[in-house]
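Read through the structures below before going on.
Two complexes follow with chain A in common, the first pairing it with chain B and the second with chain C.
Right, the complex of A and B next:
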């Protein structure tokens, strides 16, 4: 690419500059996300070692990670991790937990029924609607065609 | 101490790498498409249901363990797996019961801990 005018240069900078934040964001997302999954795996191995079956182990892992995430959200630590790690803390089950816990705390002032109880599902609601609806469709297909 | 010796380090490494890669996909979606986080979570959970229904995701779970089950894709795959298993054992009724049944622990935990946290924690005003 030839750079003759100032505009060409600005276009060039514009094209090049977003790359480095993306790489950095991806790197942070990678290791934080990987670390959360690894913590999950260690909890899983521990449950297996204690003699739980596979399904129970998975459920215990989910509940524990959700509990830790709720605790850290309450202390306002999770939001800081989220700012740093982006998708690294959003995509694991911790992000789902944070999306429930965070509005529950923020909207406390609007009351315990419509504030906490209602706003809790601003982000998690869509996730449950689409996830559960899709699973019902899959189940119906499995009933008739498999 | 038996437990620490029984940990499979290769398994942890596979878990770390696969879990990290799934998060990178999410990060690229955030940076490149400007989708809101709610949409990204919906995309992940729905994709998980589809991958779980086709049966591909099960292989990733065999390979990476929690690296595949902890991300929301795994939550979706678990919904699909539950719906299929229950549908095969108790028919159409199972199609409605199975998905939520399989992920009930996670959903209930998130709601319960969320409620408890809201009772204890003070709101933090976002500076944005």
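Right, the complex of A and C next:
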């Protein structure tokens, strides 16, 4: 293979780099993600059984899963789950909690104000900025045009 | 001392690599090179509160043990060339602040160590110094923290990702070999920056590969031409 241009080189790199085991990753992501959602559903049904209304039940599910995920992150367990399950644990709300707690732990050594406070949203920040911006735009459109 | 060819410096006198020392982290000590390292750490923190402090301690202890091993007095060392991966080279500047040796901070990312040896040998060859320390350090955790994601983040590393070394290497370059058997530096050929447009921050080897290939291709071509093999 002759490498003359940058593109040739990048193609060569792509060819030589080991690929991620996509099937295995998908399978693990599927069952771990499904398990997390099932746990959420069990909590939801339990709350409903206890007589909470629909909105409260959803809120309790979110809070519980965030709490569990933050706790597991602190115990250095969640990153092992994430390594195994990938998107399965990253896409549900557990991944969001992990993305805020992990910088908080990482930057604790730089102090509580500039470290934890300042760096806590380095990973989740873009999601918040564009998530909230998008919802504001959709809200404006909905108010005036729908 | 003069420039020969396209990018090579021929040194007048060849400095000796008088003494070497190395300290590595837990992952490196499980590898096949473990028996060659002077000290293997079991803990990434090494009793410190942050990874940056641990890295500082690694380079500090490494340089201390290097000087102790060499048998040269601290006051006989003229200059120190050192650097690391962190902003403002904090590990080496904080780690070596107590050595009381004039300090040159060097940054060349993965080439820092060789870069410092190049500069150090020029100093010795031009009689600006008799003994020079060249050192570098890196720490997997502090590098991940600065350049990539927090370690606690539950993401998957791609198969092609490389691992930043936790550890430090240091040498003493000297104009005399003190009757010891040691290697010498005769020529210096610095490489060029070659950017082939690799954007993956995890796949470092592909970034270096192109530059490395061009370097060896140019260098060896000249040697072979000289030896009339080509």
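Operating definition for what follows: the second predicted complex is superposed on the first by the 126 of 146 C-alpha atoms of A that agree within 3 Å, B and C clash if a C-alpha of one lies under 4 Å from a C-alpha of the other, contacts with A are read in each partner's own complex, and residues count from 1 in each chain.
Keep in mind that, in the parts below, a residue touches a chain if its C-beta (ideal position, glycine included) is under 8 Å from a C-beta of that chain, and two chains touch if they have at least 3 such contacts.
A quick note: this is a predicted structure, and the numbers were derived from the prediction, not measured.
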Check whether A:71 is in contact with chain B, with chain C, with both or with neither, and answer first, second, both or neither.
first
Considering only touches as defined above, state whether A:81 meets chain B (first), chain C (second), both or neither.
second
Partner chain(s) touched by A:47 [first = chain B, second = chain C, both, neither]
neither
Going by the contact rule stated at the top, is it chain B or chain C that touches a larger number of residues on chain A?
B
Would you sort A:13 into first (chain B), second (chain C), both or neither based on which partner it touches?
second
Hey, what residues of chain A end up touching chain B and chain C alike?
18, 25, 73, 76, 79, 85-86, 90, 95, 99, 101, 105-107, 109, 123
Contacts from chain C onto chain A in the complex sit at residues 49-52, 145, 149-160, 196-198, 203, 206, 209-210
Applying the document's contact rule, which stretches of chain A touch chain C when the two form their complex?
6, 9-10, 13, 17-20, 25, 73, 76, 78-83, 85-86, 89-90, 95, 98-99, 101-103, 105-107, 109-110, 123
Seen from chain B, its contact residues with chain A in the complex are 2-3, 6-8, 11-12, 15-32, 37-42, 44-46, 48-50, 52-53, 64-67, 69-76, 78-80, 82-84, 86-88, 91-92, 94-96, 98-100, 102-103, 105-107, 109-111, 113-118, 120-124, 126
Interface residues, chain A side, partner chain B - complex:
18, 21-22, 25-26, 29-38, 40-46, 49, 55, 58-63, 65-67, 70-71, 73-76, 79, 85-88, 90-93, 95-97, 99-101, 104-109, 112, 116-117, 120, 122-124, 126-128, 130-132, 134-136, 138-143, 146
